[in-house]
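The following pair of complexes shares a single chain, chain A, combined with chain B in the former and chain C in the latter.
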Partner chain A sequence: MNELVFFINNVIVAGSVSGSIYAIGAIGVTLIFSIMRFAHFAHADMMTFGTFMVLLLTLAFPGVGAVVGLPTPIVMLPLAIVLTALLAVGIDKTFYKPLRAHGVKPIVMVIASLGVTLMLQGLIRLFSGTGAQNLYLAGERKEIYRLEMPFELASRPVIVTEPQIILFVLTIVCVVGLHLFLNRTRLGKAMRAMSDNPDLARASGINTNHIVAVTWVIAGGLAAIAGTLLALDVTFKPDLSFFLLLPIFAAAIVGGVGHPYGAIAGGFVVGFAETLAVFNWAVLLRPFRDSLPEWLAQAGNLAFVGTEYKIVVPFFILVAILVWRPTGIFKGKVI
Partner chain B sequence: MNTQHTERRDDVVAAPSRFPLREVILFGALLAMILGVYAMMGSAYSTRMLVEAACYAILALGLTIQWGYAGQFNAGVMGFVALGSFATMFFSVPVNEAFWVTELPGELGLALLYVTAAVLIVYGATKLDRIGVPKRLRTLIAIVLAVALYLTVISVLREVTGEIESRAGFIGGLGLPAWSGWIVGGALAGVIGYFIGHICLGLRSDYLAIATLGIAEIIKAFLKNSDWLTRGTATVSPLPWPTPGPSELGFTLARALYLSLTAVMIAAIFFLLHRAYHAPWGRMIRAIRDNEISAAAMGKDINKRRLEIFVLGCILMGIGGGALASFNSIFDPNGFLPLNHTFLVLVMVILGGPGNNLGTIFGAVAVYIIWLMSEPLALFLMHGAAALSEGWFGWEPPGNLDSRALQARVFVIGLLITLVLRFAPQGLLPEKVKHHG
Partner chain C sequence: MPLLEARDVHGGYGGMNILNGVNMSIEANEVGVIVGPNGAGKSTMLKAIFGLLTVSQGEILLRGEPIHNLPPNKLVQKGMGFVPQEKNVFPSLTVKENLEMGAFLKPGNVKRMLKQIYDVFPPLYDKRHQPAGELSGGQRQMVAMGRALMAEPDVLLLDEPTAGLSPLYMNEIFERVKEVNAAGVGILMVEQNAKQALAIADKGFVLAAGKNRFTDTGAALLADPEVAKSFLGG
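== the complex of A and B ==
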């Protein structure tokens, strides 16, 4: 049974963690796409920016967490969300809005967002350096929960850490909150209307500039959450940008571009696909070693790809979905 | 009405007899810049800079036909450069005797034969519906076969490559002249470009950008981790030059020879592109870029033309990458950076003038000179700022100031991209649109 526990630790838990992070990131990408009709390449660096703000705030007020009873980075997260949302709106006002006003092609917006991504990268690395940093300061400790399995044969526990639990809780909160926002509020309905048909939305009296700003606030806030939770789970790395971008885009496209619920599903598809692909399946065969044919029992490494080729997985998913079903599993609107 | 019409045409039509004032001024400034660098940095350094700028000009020409002629945005120039470099390394590095005297080549050949057989079997399985197998069953069979064969083949391959790494280091090269590597590198980049383009070019242009960004990182990851093929992070050097090397002629003369070789290549590419641009084929490409629907209504095969131009651009990038690797005389998978090999090229193209080959070459040389010169400048500014903050506020400057100064250049490149798109979307030397009739 230990093999099963190993499987749960390495696939179920790890897959849900990366799946949640990709899902939160992909929601932002897909919202931007449905309102402004371009693939926003600066999203991963907005995530990094949010995380960096959390890091700075944590360094500035290290004692707050102990007072509230949560890790300090989590306490600082709301502030970072506000800052990242402000940054997102500011970037839109300075760089994207003039281009939109000129009526450029969407691909020019894509290139502009690549320019923005480089600027953010440069600024963040200028101030933070290029090395990895831990969000947990020296005084704080990652809580680790070991869940003993109720089987006799399983001697090893299922391991879940505190940031992972916070991540799951926050993901659910985000998803439910987004659902209520899009379906129950006036603003959310206006957003959906604009994503369906911008001209009709404008004609029926919706202030499209306002909607664009709201979209950036939501996308920026979600980016800050996703980045911080990723950094809590591992460490803060300023050079993750392009390695995060591909899974997030793959998630958004798998779910159907412009489809927030699809993005959530796509995030989990990509997250689980990654962990399943790097998992060594030979481990699961080990208990049945005696009843298997020789050549199968001898196989030492049955992982599909090595961990160094993890980035191949989202790319492969992306290509497969573009070939077979470019609209995504939930039929995105725009191709 | 009629007079208004001709009036408007006067400034749109590029009159052939017009004196090219803008070109002369810009290239004059460029020449002054080059001469200034020669005066300050010495001829060996400056010639090296020019050779590298020339290699970048080939890359930029590849991107300008994709972005300028056809409006396709390739965000993965780095990947195609890496492929070209790899092919050049593989073809031009001397033969590794330690590998060829053992039985390892046979085993590797056998493993590659397995790969081919597996690919053929899976391909055959996807065609099973032709002989009456239901489609769902066919898909199931194909997927199961693919997974099983993949796992088998990959474990065989892992064994052989591990053996090669431990016994011979890497498989070495073929010992052929460098130019053969350049050609094969171009072909290799073209093949990968064909597959990417085949998948993405029928869809929105955003998807092409995402996919090329991804394939570039994958190619880099592959070259970095396949120690048996490329020695990975241990790097391969020296790569032989196609022209006499510095040990025979001295630095300046050898580099000048190399420069003339790349200049001939650029001239040939320039001439061919110029002819293609003004040929019916080029007109068709521009018609598709400017109005896809009307081009389709004229009966043009849009996806096929797009694929042609994308593959052509990728081939040029592969060749340019090969030339760059040969000149640097080192194959280092870690040296391929999105900033240096993708975004720098992008800045060259959009600043110089997308769709205008002369403007692209101007952009390549000018941006590369600024890029090189900005390194000491960034360091100087950073040290100055550090000294100021220490003196005025008593702040301790961080230790890794030099690596951070390089990050300032990332910011500048990003800023430049957004500014050019905003204020000079046509570039410094805009594409001249000719109106016929």
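== the complex of A and C ==
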């Protein structure tokens, strides 16, 4: 049974962790695409920015968490969400809005967002340094929960950490919140309307500039959440989220660009694909060692790809989806 | 004072003039119909009224107040509704959500107006939870008109509301247009089905090359042999 526990730890837990982060990131990418019709490459660095804000706030007010009974970075997260949302709206006003006003092609917006991403990354590096920093400051402990399995043969526990649990809870809150917002509120419906048909939205009296701003607030806020939860699970680095750009876009495209629910599904598809691809399947074969052919029983590592090639997985999924089903699972738009 | 009046309107896209002096006026209890050959500037005129293209000369007045070159959302606030010819619904939104979007600026109206719209277009009530993109052409047109009516406009602009519809649906739509007009909404519509449209028109405007060619009551235009010969196919 320990093999099963190993599988749960390395595939189920790890896949849910990356899946949740990809999903929250991909929702932002897909919302921006559905409202402004361009692939926003600066999204990952907006995530890093949000995390950096959390780091700064945590350094400024280190004792707050202990008072509330939560890790300090989580207590600082709401403020970082606000700051990142402001940054997102500010970036739009400064860089994207003038381009939109000129009626440029989407590719120009994409290139502009690449410029923004390099600029953000440079700025963060300037202030944070290039090294990794732990969001848990000295004195705060990352709780680790060892869940003993109720099987006799399972001697090893399933391991879940505190930030992972917070991540799962916040992912559910974000998804439910987004669902209610898009389907129950006047503003959410207007956002869907604008995604469907911007001209008609304008003709209905919907202020599309307002909707654009709301989109940036949501995307920025979600970016801060995704980045912070990732950094809590590992550590903060200035290139923390830049390497998530590919899986996040893969998730958005797999789900069907422009579909928030597709982005969530796509996030988990990519997350689990990654962990399943690097999982050493030889471990699961171990209990059946005696009844297997020798070449299989002796195999030390049966992973599809080595851990160091994990980034290849979303890339492969991305190419496969673009070739065979460019509209994604939920029939989104073709980028 | 007429509800909607256009005086010597010139305008077009990117420096090319399509409208070369159009005059129109309708009262609140009237249906105005714009007919004419392809490329005469019929739809362009509606777009000019609704602020979707720049009026370079002349003026457009709503209850005597100049409104030309105001953005569409301002015009909706001032009591104007517009139903484009194509892409006139939100396909992934349900019928009910489509209608709600029409009352975006008047959220207090939603409940009361939904009831009214369902009364005028009963098929929409049965389909209210279906995405509008799944409806037939005629029902989609009803959603489009319903959406515009949700804001309780004083004047409704319709761009070829019967384009691509079967004769059965065409008559149905014209019936509804008359009904809406009887409820006190001035109507200005562009129509390809000129004879049938002029039959319900209080005023008809025959445009050619961006100018009024004939302007009269619907009945008079239908009876005019010259109009019939040149524009109504004999």
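One rule holds in what follows: the second predicted complex is superposed on the first by the 329 of 335 C-alpha atoms of A that agree within 3 Å, B and C clash if a C-alpha of one lies under 4 Å from a C-alpha of the other, contacts with A are read in each partner's own complex, and residues count from 1 in each chain.
The working rule: a contact is a pair of C-beta atoms (placed from the backbone, for glycine too) under 8 Å apart; a residue touches a chain by one contact, two chains touch by 3 or more.
Since we're looking at a predicted model, the values are computed, not measured.
Engineer: On chain A, which partner's contacts cover more residues, chain B's or chain C's?
Structural biologist: It is B that touches the greater number of chain A residues.
Engineer: In the overlay, answer first, second, both or neither for which of chain B and chain C A:207 touches.
Structural biologist: So A:207 only meets chain C here.
Engineer: Considering only touches as defined above, state whether A:193 meets chain B (first), chain C (second), both or neither.
Structural biologist: The answer is second: A:193 touches chain C but not chain B.
Engineer: In the superposed arrangement, which partner chain does A:117 touch: chain B (first), chain C (second), both, or neither?
Structural biologist: first
Engineer: First (chain B), second (chain C), both or neither: which does A:38 touch?
Structural biologist: After superposition on chain A, A:38 lies in contact with chain B alone.
Engineer: Inside the complex, what are the residues of chain C that reach chain A?
Structural biologist: Going through chain C, the ones touching chain A are 50, 71-73, 76-77, 82, 84, 87-93, 97-98, 100-102, 104-105, 107, 147, 151.
Engineer: Flag every residue of chain B that touches chain A in the complex, lowest number first.
Structural biologist: On the chain B side, the touching residues are 71, 73, 75, 150-151, 154-155, 158, 199-200, 203-207, 209-211, 213-215, 217-218, 221-222, 224-225, 338-339, 343, 346, 350, 398, 400, 403-404, 407-418, 421-422, 425.
Engineer: So in the complex, which bits of chain A are touching chain C?
Structural biologist: Touch list, chain A to chain C: 186, 189-190, 192-193, 195-197, 199-207.
Engineer: Touching chain B in the complex: which residues of chain A?
Structural biologist: It is residues 38-39, 41, 95, 98-99, 104-108, 110-112, 114-123, 125-126, 129-130, 242-243, 245-246, 249, 253, 299, 301-302, 304, 306, 308-309, 311-312, 314-315, 318-319, 322-323, 326, 334-335 of chain A that touch chain B.
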